[in-house]
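Chain naming follows the written order as A, B, C, D and E, and within any one chain the residues start at number 1.
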Amino acid sequence: MSYFTKRYHPPGTSPGTLVTEGQEEDIRIQLLDYTPDEFQELTLEHPSECQPYLERNSITWVHVEGVVHAETVRALGQLFGLHPLALEDVINTGQRPKADSYGEQLFVVMNLPTVNEQGRIETEQVSLFLGEGFLISFHRGDSRPFEPVVQRLRKHSGKIRERKADYLLYALLDVTIDRGFPVLEFYSEYIEELEDELLENPGKETLSRIHQLKRELLMLRRMLWPQREVINNLIREEQPQIRAETQPYLRDCYDHTIQIIDLIEVYREMTSSMMDVYLSSVSNRMNEVMKVLTVIATTFIPLTFIVGVYGMNFSGDSPWAMPELNWYYGYPLVWLVMILVTGGMIIYFKRRNWF
Amino acid sequence: MSYFTKRYHPPGTSPGTLVTEGQEEDIRIQLLDYTPDEFQELTLEHPSECQPYLERNSITWVHVEGVVHAETVRALGQLFGLHPLALEDVINTGQRPKADSYGEQLFVVMNLPTVNEQGRIETEQVSLFLGEGFLISFHRGDSRPFEPVVQRLRKHSGKIRERKADYLLYALLDVTIDRGFPVLEFYSEYIEELEDELLENPGKETLSRIHQLKRELLMLRRMLWPQREVINNLIREEQPQIRAETQPYLRDCYDHTIQIIDLIEVYREMTSSMMDVYLSSVSNRMNEVMKVLTVIATTFIPLTFIVGVYGMNFSGDSPWAMPELNWYYGYPLVWLVMILVTGGMIIYFKRRNWF
Amino acid sequence: MSYFTKRYHPPGTSPGTLVTEGQEEDIRIQLLDYTPDEFQELTLEHPSECQPYLERNSITWVHVEGVVHAETVRALGQLFGLHPLALEDVINTGQRPKADSYGEQLFVVMNLPTVNEQGRIETEQVSLFLGEGFLISFHRGDSRPFEPVVQRLRKHSGKIRERKADYLLYALLDVTIDRGFPVLEFYSEYIEELEDELLENPGKETLSRIHQLKRELLMLRRMLWPQREVINNLIREEQPQIRAETQPYLRDCYDHTIQIIDLIEVYREMTSSMMDVYLSSVSNRMNEVMKVLTVIATTFIPLTFIVGVYGMNFSGDSPWAMPELNWYYGYPLVWLVMILVTGGMIIYFKRRNWF
Amino acid sequence: MSYFTKRYHPPGTSPGTLVTEGQEEDIRIQLLDYTPDEFQELTLEHPSECQPYLERNSITWVHVEGVVHAETVRALGQLFGLHPLALEDVINTGQRPKADSYGEQLFVVMNLPTVNEQGRIETEQVSLFLGEGFLISFHRGDSRPFEPVVQRLRKHSGKIRERKADYLLYALLDVTIDRGFPVLEFYSEYIEELEDELLENPGKETLSRIHQLKRELLMLRRMLWPQREVINNLIREEQPQIRAETQPYLRDCYDHTIQIIDLIEVYREMTSSMMDVYLSSVSNRMNEVMKVLTVIATTFIPLTFIVGVYGMNFSGDSPWAMPELNWYYGYPLVWLVMILVTGGMIIYFKRRNWF
Amino acid sequence: MSYFTKRYHPPGTSPGTLVTEGQEEDIRIQLLDYTPDEFQELTLEHPSECQPYLERNSITWVHVEGVVHAETVRALGQLFGLHPLALEDVINTGQRPKADSYGEQLFVVMNLPTVNEQGRIETEQVSLFLGEGFLISFHRGDSRPFEPVVQRLRKHSGKIRERKADYLLYALLDVTIDRGFPVLEFYSEYIEELEDELLENPGKETLSRIHQLKRELLMLRRMLWPQREVINNLIREEQPQIRAETQPYLRDCYDHTIQIIDLIEVYREMTSSMMDVYLSSVSNRMNEVMKVLTVIATTFIPLTFIVGVYGMNFSGDSPWAMPELNWYYGYPLVWLVMILVTGGMIIYFKRRNWF
C-alpha cells in the first residue's frame, strides 16, 4: 500500500465532477428485492433495469461490484436521486470513512481491509447509500465480502428479511468491520514470528520488516480509525433512517470497531518496542564481536611482544647483550612466562564474565 | 497471552448466533436464592431448574462456572429473557469490558486478571446480567473468584443479604476489580527484580524479559482500561437498575479502577525507561571492553615495533648498519626506552580515567 | 522554509497599523462581476475603480495578486468597510489560518502549500473577505491558484455563477485546500525514495535529509492543521454569511482538510521511524566492519605469534634452546599447526554466522 | 518508595471492613475548639472525650496523628456519623487523592510529599472530614505538617478563627499542597547536579540515578496529579459545605496544584532528555577510546610490517635476496621511510580532527 | 533560568501575607491620567499621591516598575481595594499566568519573555489590576516594555485615549505577548545555527547545547502556555470589565498566543529530533574511525604474518627447513604475494564502499 492512495481531481475542478480513468472492468450489478415472504435476485445489464423495483413496497438492494464507470454511477444517481458530491466519492476511491446525511438519504463510506496474495494489507472502499426502501452498495475489489449476507437473504436465515433496509445497512457494515478480525489475527501471528526472529537471529531484513510493519499498521489505522466515529454518528445523532430496533446491533458494531482500533494500537506500540529491541540486539551482538576480538588480541599481543624481544639481534660481545639467549633454560623459561601471562589474562576475562 | 485473544464468528454470520467449539467441560451451575432471612444454595443439573425461583420475591443469583455450551446459554436466555447479542458475547470470550442496557436488563462484561502457574498474566471473562430480582453471572477460568461473596451470603456477614440484586452486582464487580491488586503487586516485585538485574548484570534474556513485560502490560491495559468507563457509566448514566444507595459503593469501585490504571501506566513508563537503560548499559559495557583492548593494544603495539626494529638483519659492513646492536649497553637501553614508553602510556590512561 | 516566517510589527505598535516594507511589486487587481446571465472581467489600475460595481445587484469578486502595498489595502478597506485588524493580517503574512467574523463580514486566512523549484515546500497566504454580494481575495505568490475558478466563471461551467458569494468563497477554499494533495503526493514519493536509500545505502546525507524532511512536515502541519478548525467553524457556528445549501460543499472541504492532516501525521510518524531505522543501520554497518576486523585480526594474531616464536634467537648449546628449529620436519609442522589454528577459527566464525 | 504502596483487603472482603495490622503506635489525638473569642486545646486519651464539644456552637477540630487503630477510627466514626467506606480509606493508606461527598459530610484524601533522611521522596496520607461545625483530620507520618495552622489558631493571627470550618479545611489543604514546593525545590537542585555530572563525568551510577529519578518523579506525579482534580471539584461542584467566601482561597490552592504538576512535568521531560544525553555521552566516549586505539594502531602497524620485512632471513647467494640489507645507507633509509609514513599518518589524522 | 523560579512562603503561612526580602530597589511609580482631551503624567514618591486622581472621571493608570516593597503594595491595595491574595501574587513572582476575577476587579498575571545579555531566556512577571476607571500595573525587570504604550498615550496616536481602561489592559497584554516574537525569532536563528553545527561538525558542546536548548524551551513553554488560557478566559467568560468593542482586539491577542505556542512546540520537536541526529552522527563518526582502523589493520596484519614466517630461524640441514629462503627469486616472490594480498584487500574494501 503506497502512502498516498487517494484519487483526486486537479484542484479547482467543479465539485461533483464524475470522471473515471480507463475502461470499466469487470463490473457486475446485482439486484436483490425482498420482503419477508418474497425474494428476487437478478444481475443487471444496465442500471435502468432497477426502475420497476423502485415503486414496489419491498426492500431493494442494488450492489455494484468492480471499478465503476462514471456513466453507471450517474445513471444510478439519477434513478435514486443521489447527491453528486457523494457520487464523486464513490468514484474517487481512497476516501476516509464517513457518514453524511443528504436530506432523506444516508451516505456511508467504509474501508474493508484484506490481505492480498503477497501478504500485504490492502483496503477496498465500500460505499453505501441508504434511502427509504432501498440500499445501494458499491465495492471495488476481489474479495466478494457481501456474499454471506446474500446467502442469508436467499436462505431466509436469521431475521434479515423481516427487517427494513437499515438492518441491511447494519448487516453490510457488520461484515465490512468484522473483516478486520482475520486481518488482525494475521498480523498477530506475523508480529509473534517477527519477535522470535528478533530475539533469536536478527538480521538486516528484520529491520526493514519492522519498518514495513510499522508503515502498514499506520496506514491501516488511518483507514480504520474513522470507522469508529462513523458508527458512533449513526448511533448518537439519531439519524432518521436508522430505526430504534437497529440501534443495539449498531452498538455491537461500534464495540467491534473499538476492539479493532485497540488492537491496532497494541500492535503499533509493540512494533515501536521491537525497533528498540532491534537496536539493543545489534549493540549486543557488536559487544560479542568486540569481546572475541579483545580476548584474542589482548591475549596474544603481549605474547607477540615477548617473542619479539628474543628475536632481536643484539649480540656483540657485551655481557649485557641479551644474555638470556644463552641461558641453559632460557627458551623454556620464556614459554613459562608466556603461559603465566596467558593464564592471568584468562582469569581476568573469566572474572569479568567475558566468556 | 497471545495478542489476538478474541473469539469471533466468520464475518457475515447472523448476529446472535450461538456456537461453541468442542464439548462443554467442567460446567457448574450454582443457584443462590436469598432474602434477609432465608438462604438457599443448590447446584443445578439443568438451567430449567431455576424456574421455581423466578416467581418468588427473593434475590436469585445463578452463577455458571466453566466453558459454557451454546445450549445452556440459550436455555438461560429464554428463561430470563436475555438479548441474543449479549448471549453471543458470553460465548465469544475475549470481549472488551462494557456495560449495555437492554431494556430492563443490564449486561456487564468485565475481565478478571490472574497470574497463571508460569507467572504469566491471563484474563478471564466475567459476564453479568442484572434484572429485577435476579442476577446471572458467567465466569470462565479456574480461579473461583466469587467464593468470598458466596461465603458472605452464607454467613450473612455484612449487609449483603439485606440489599437488592444491584448490591450483589456491585459485590461481584468489586471482587473482579480488586483481583487486579494482587496482580499489580506481583508486577511491582517483578519490575523491581528486573531493575536490579538490569543495573547489575544485564544479559540477553534481560532484553527479552523487558520486551515481554511491555507486551503483558500493554495487553493488561487493553483488558482493564475500559473497566473504568464501564463503572463510570453505571454511576453517571443513572441506570434504573442501580439504586441510589448503591452509588457510593460503585464510586469506591471506580476509585479502584483508576488506581489500577494509574499503576499500569506507571509500570509501562518504567518499562520504557528500562529499555533505554538497557541500551545505555550495553553501550557502557562495550566501552569497558573497548578500553581494555585499547589499553593493552596501544601499550604493546609500540613496544612490538621497537623490538621489531632490532630484529632486522641489517648487517653488512656499513657503520650505518644498526650500530645500536653493537653498543655495550644497547640491550638494556632498549628496555629502558620500552619501560619509559609504557610508563607514559599508563600516565596518559590514568589521566583519562580509563582504569 | 525558515522556522520563523511570521511578519510582525515591533511590540507595542498601535493595532491596525498598515506598513509594507519596500516597493509594491507585481501587483495585479482583477475584478470579476457576475450574475447567472452576465459576466464581466477587468484588470484595475486602482481599487477605487471597484466603486461602480458595488451598488449593482451582482456578485463582485476582487482578486489582488502579489505583494500588496499598504495604500491599496487601505483603499480597499475603506471602499468595502473592512476591519483594520483584518487588513493588518493581510499585510503581515505568515498568519495562522483563521476565520474571524467582523459584524456582517467574514474574514478567512488560509495557507496554500506549494513545492518550489528547489523541491522545497512553501506556503502562500490567501486572505478572503466575504460580505453581502462581494468577495475580496488576496494571494501572495507565483502559483495563480484561482485560475481554474476564474475559468469556471468565464465558461459558466458547473453552477458557480448561479450561486451566491458564499459559494465562491467555498470554491476558493476548495482550491486552496486541494492544492495540498499534489504536495502530499510529492512527499509520498520522496519518503518512499528515502526509505529505499535508507535500507539500501544510508549515508551521511540521508541523515540530514530525514531531519530536513521532519522539519518541513512539522512546518507544513503548523500551516495546515488550523485549516481544519477554520472550515469546521464555518460549518458549525452557523455563520450568517454561509447559506444552508453551501454547507454540504464545505463539509466536503472539511473532509479534505482531515485527509490532509491524517496524511501529514502518517508521514511524520514514518519519518520518526526512519530516524530509528537510520540509527540501527549505522550500528548494523559498524557491526559488519567490526566483524571483518575481528575475523582477520583474531585469525592472524595467533599465527603471527607462532611465527614470532620461531624467530627468537635462542641458540647457545643448550639442548633446551629451541630444538624444534633443528627438527627434520620442523618447518612443515609449524605450517600444519598454523593451518589447524586457522581452520579452527574458521569453524568458530562459521558457527557464529559471522561470514 | 516502592511501586505498589496501596494497602488493600483481600478481594471479596465486605466493604467498610476496618482492620489494622499490628499495634497502634504513637497515636496522638488533639482537640482544638474555637470561636473568634475563645480557644481551647487538649490532648485526648479516647475519642469519646470529644462528646461535650459536639453540641457547642463552636468549630471543633479533632486531629489524629500516627498509625490509627481500627477501634479509634470506629469510635470517631460513630460519634460524628462518618461513612464506613470513608473510614476504610483512612486506615488503608496509599489512597489516590479524592473528594467524596457523603450526604452532609465531605471526605477529602490528600497526599503530603516529604523528603526523608535518605533524600528519598515519600508521601504521607492526609484524610479530612468536614461536617457542620467540625473537622476531623488524620495524618500518618513524622512531619507534623499542621503545626503552623495550630499556631495561627493559638495566636489568633490572620482571620482563621473568625471563619468557619470550611476555611480550616482550606488552611489544611493549603499546607498539604504547599509542602510540595520545598520538595520540588529539592528536586530542582538534584536535577541540576545530575546534569552537571552527566555532561562532565558520566559514570555507571549516573545511569542508575537518572532511572531512579524518573521513577520517583513518576510516583510523585501519580500521588499529586489527582489533587488538582480534587480542589477543582471543591470549587466547581458547588459543595454545600464550602462557603462562597472561601472559594477565592481554594482557587489559590488550585493554582498551586497546577504549578506543582507543571513543574513535575518539566522535571520528567528533562529526565527523559538526560537519558538521551547519557546514551550520547557514552557513545562519545567510546568514540574517544576508538580514536586513540585507531591512531596508535594504524600508525604502528605499517611500521611493524616494515621492520618485519627486514627481519626476514632471505640470504642465500642470490642477488635478489634482500639486497637492501647490504646497502650502505639501508638502515637509515628504513628509518626515513618509517618517519615519512608516520608523518603522513599524523597529517591525515590532523585533517580529520582526530586529535 | 533555574528550574524552580517561584517565590513562596513557608507552607502554613497565613494567606495574603506580604513579605519582601531585602531592600526595595529601583522602584519607580508612574501615574498617567487621561481622557480623550487631557493627558497628565507624573512620577510618584508615594502611592498615596494617587488619591486625587481616583475620584476624577478619567482613566488612571498607575505603573510600578521594579522590585516592589510590601509597604507600597499594601498602600496601593488599600487605596484601590485590591484583594490580599492577588497582592501576594504580585510580590511572590514566578507565578503562572492567570486571570482572576475579584468582585468588580480583574487581576491578570502574565510573563514577559526576554533574552538577557548572556543570550539566555528570562521571564519577567507583569501583574495587572483592572477596575472601573483605573488600571494598576506592576513589572519587575529591566526591559521597560510599556514605553511604546506610554508614547501612544502621550502622542494621542491611534485610538487609545478614546477608549476605556479595558482597552489599555488590552494594549498592555498585547505588548507583553508580542514580546514573545523577537524571542522566538532569536531561537529560530539559534536552532538553525545549531542544526548546521550538528550536521557539519558535532562536538561534545553541541550535545550540551541541545540539552540546554531543550530545557529553555520547556521553561518557556511552561511560562507562556497558560497565557493562551488567560486570554481565552477574558474573551469567553464574558468578564463584565471587558467591553464588547475590545473583544476583537483580544481575539487578535489570542491568535498571537497560539502562534507563539505553536512555534515553541515546533522548536521543541526539532530539538528532540536534533538529539536523535546527534546520536546518529556520533555513531556515524565512530563508523568512520572503525573503518580506518579496519582497513589498515586487516591489510597489514596478514602481511606482517607473512614477513614473520620468513623471519623464522629454521635452518638445520633438513631440506624441509624453509627452502624458500634459498630460492633465487624467493624475496621478490614474497613481495609479489604481499602485493597481491594487498590488492585483493583493496578490491574487497572498494566493493564494500569503505573508502
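To be clear about the criterion, contacts are C-beta pairs under 8 Å (C-beta built on N, C-alpha and C of every residue); 3 or more make two chains touch, one makes a residue touch a chain.
Given the structure is predicted, the values throughout are model-derived calculations rather than measurements.
Looking at the partners of chain B and chain C together, the chains they share are A. One simple way to say how far apart two chains are is to compare their mean CA positions; for chain A and chain E this gives 40 Å.
As a whole-number value, the distance joining the C-alpha centres of chain B and chain D reads 25 Å.
In chain D, the residues that touch at least two other chains are 276, 279, 283, 286, 290, 293, 297, 301, 304, 308, 311-313, 322.
The chains touch one another in a closed ring; read from chain A in the direction of chain B, their sequence is A, B, D, E, C. For chain C in complex with chain A, the residues that touch the partner chain are 145-149, 151-152, 157-158, 160, 174-175, 178-179, 181-182, 184-185, 187-189, 191-192, 195, 199, 248-249, 251-252, 255, 258-259, 262-263, 266-267, 269-270, 273-274, 276-277, 279-281, 283-284, 286-287, 290-291, 293-294, 297-298, 301-302, 304-305, 308-309, 311-316, 318, 320-322, 352-354.
On chain B, the positions that touch chain A within their shared complex are 2-4, 6, 8-17, 83, 85, 95-96, 98, 100, 102, 201, 204, 207-208, 211, 214-215, 218-219, 222, 275-276, 278-279, 282-283, 285-286, 288-290, 292-293, 296-297, 300-301, 303-304, 307-308, 310-313, 322, 325-332, 334.
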